[in-house]
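Each of the next two complexes has chain A plus one other chain: chain B in the first, chain C in the second.
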Partner chain A sequence: MEKNLDRVMEELLNKPGVYGCVFADHQGLCLGVKGKASTDSAGVIGAIAEQAAKLEPKSKMPIIHLENDNKACIIHRTGTVTGAVFKNVHG
Partner chain B sequence: MGCCYSLFCKDENSSQSGEPNERTHLLVDPVSNNTNIQRVNSEDILSRNLNNLPKKTDEQSALNRILQETATNVIDVAALDSHNLQQHEYVERMKMYNTKVQQVFATNKNKISKKLNSCILQDIPVPDKILSTEPISSDDINLITSSVAAAASAIQDIKVDHKEDLVVPFGLNC
Partner chain C sequence: MVEEVRKCLQDLLMKVNGLYCILITDRDGVPLLKVGSEKAPEHAMRPNFISTFGLAIDQGSKLGLGKTSTLICSYSQFQVIQMNKLPLIVTFITSDSCNTGHVLALEKQLNPIISELTLAVAEL
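Our next item is the complex of A and B:
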């Protein structure tokens, strides 16, 4: 079942600075969430990845990096799966 | 020419009488304002030419008059807006507009600040500093690509374990 996905998310949260992650399918439905992240954001993250990909349709899938002074959100899509990683930024 | 000009003459008369009609000039004629050229009816010129001896100088002056008349009837639109802004004028206007904006902001502070608060995006003081920074570090790229790829392959592995029958006999006494 989803044990593999759980393990992937667990490993991701152990990386330095990462405090949350969300994975969504091609329709924006939540596949998994761990840490300080909301299942509600899955749809938005899927939509952001989809719209960003429309900017340059011939290029490979983009990495979207949203950042403020102390936090960052990195979004990327591979195949039908869209993932978002929330990180603390220092400096 | 005489025929054409008769239209202008009518036009001239009607505009002088003060009654606006479809032939009244909407724009002020800049050429006729700038130059003090007397408008002469072309029929007068022709009659004068006929009465006088047809000398070459008269012909030349008549042609010149026709040229001047034409010039008075031409509105040079490009020349109307020939005033070019100088550098200090730009700065002065910028200051003036800034003070105006500040005044409007001061008088309608309550209204405007409400709208500003509802806006998520805000001005940043030094945009070039932020724009010049590296968009994303290679560590982050590796992190996101590897984790999403791992998640995608993990999701491929998701399948339904068959544990019990989907259709269950319910309340039937066999």
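Our next item is the complex of A and C:
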């Protein structure tokens, strides 16, 4: 059933720098996780996407990019599914 | 100590959208701590409702999946999320559209509070 999602996550992990990804449904429950990411973050990721969308309610769903010196987390919601990608960035 | 814990729970309540109430009770559903807004349904906070969690986890353990840790009941207007911290039960009452995963993620933040309360209860 989740073969497609598994394939997408596998493809994501093969992209340069990506070391983890997690997907959550509209209730913040984890749909899938691969690499160095935790199922516990699914709820928080859903909440971040929801709160960020409130900044510009009339615009499309935003892409949220959180970054520190060497790592980044990119969050985006499409429909009911929220995805987060964790990657290494080389400054 | 109670005031500190209450403030901590109040902070958690603010963090999650649609979370109406956090209840910490003993296994019989008798409240030790209650933090919540007026939106929380009174009848869902009664001991006779909360104590059914004990029966539910007994049945759940028969599935052979190990100890039941969390129970999520989703109703048309509310969600009731209960965590097994026996001898204590933690109950969250939320709106139907509340982010369930976010509430579940609160568990880690609650653990130190729960262990402190468990000690206090054990001393009684």
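Quick notes on this one:
Going forward, the second predicted complex is superposed on the first by the 91 of 91 C-alpha atoms of A that agree within 3 Å, B and C clash if a C-alpha of one lies under 4 Å from a C-alpha of the other, contacts with A are read in each partner's own complex, and residues count from 1 in each chain.
By definition in this document, a contact is a pair of C-beta atoms (placed from the backbone, for glycine too) under 8 Å apart; a residue touches a chain by one contact, two chains touch by 3 or more.
Since the structure is predicted, the reported quantities are computational estimates derived from the model, not experimental observations.
When both complexes are overlaid on chain A, chain B and chain C end up sitting side by side without clashing. Shared-chain residue A:Thr78: touches chain B; no touch with chain C. Look at A:Lys87: by the touch rule set out above, it reaches chain B but stays clear of chain C. Between chain B and chain C, it is B that contacts the larger number of residues in chain A.
By the touch criterion defined above, A:Gly43 lies against chain C but remains apart from chain B after alignment on the C-alpha atoms of chain A.
After overlaying the two complexes on the shared chain, residue contacts for A:Ala24 are found with chain C alone; chain B is out of touch.
By the touch criterion stated above, A:Met9 is placed in contact with chain B alone, chain C being left untouched. Geometry note, superposition on chain A: angle between chain B and chain C about the Cα centre of chain A is 70 degrees, to the nearest 10.
For the pair chain B and chain C, the least inter-chain C-alpha distance in the overlaid model is 14 Å.
Chain contact summary for the complex, chain B toward chain A: residues 135-136, 140-141, 143-145, 147-155, 157-159, 161. Chain contact summary for the complex, chain A toward chain B: residues 1-2, 4-5, 7-9, 11-12, 15, 18, 21, 23, 25, 31-32, 63, 65, 72, 74-83, 85, 87. Across the complex, chain A meets chain C through its residues 24, 27-30, 40-44, 46-47, 50-51. For chain C in complex with chain A, the touching residues are 16-17, 99-105, 108.
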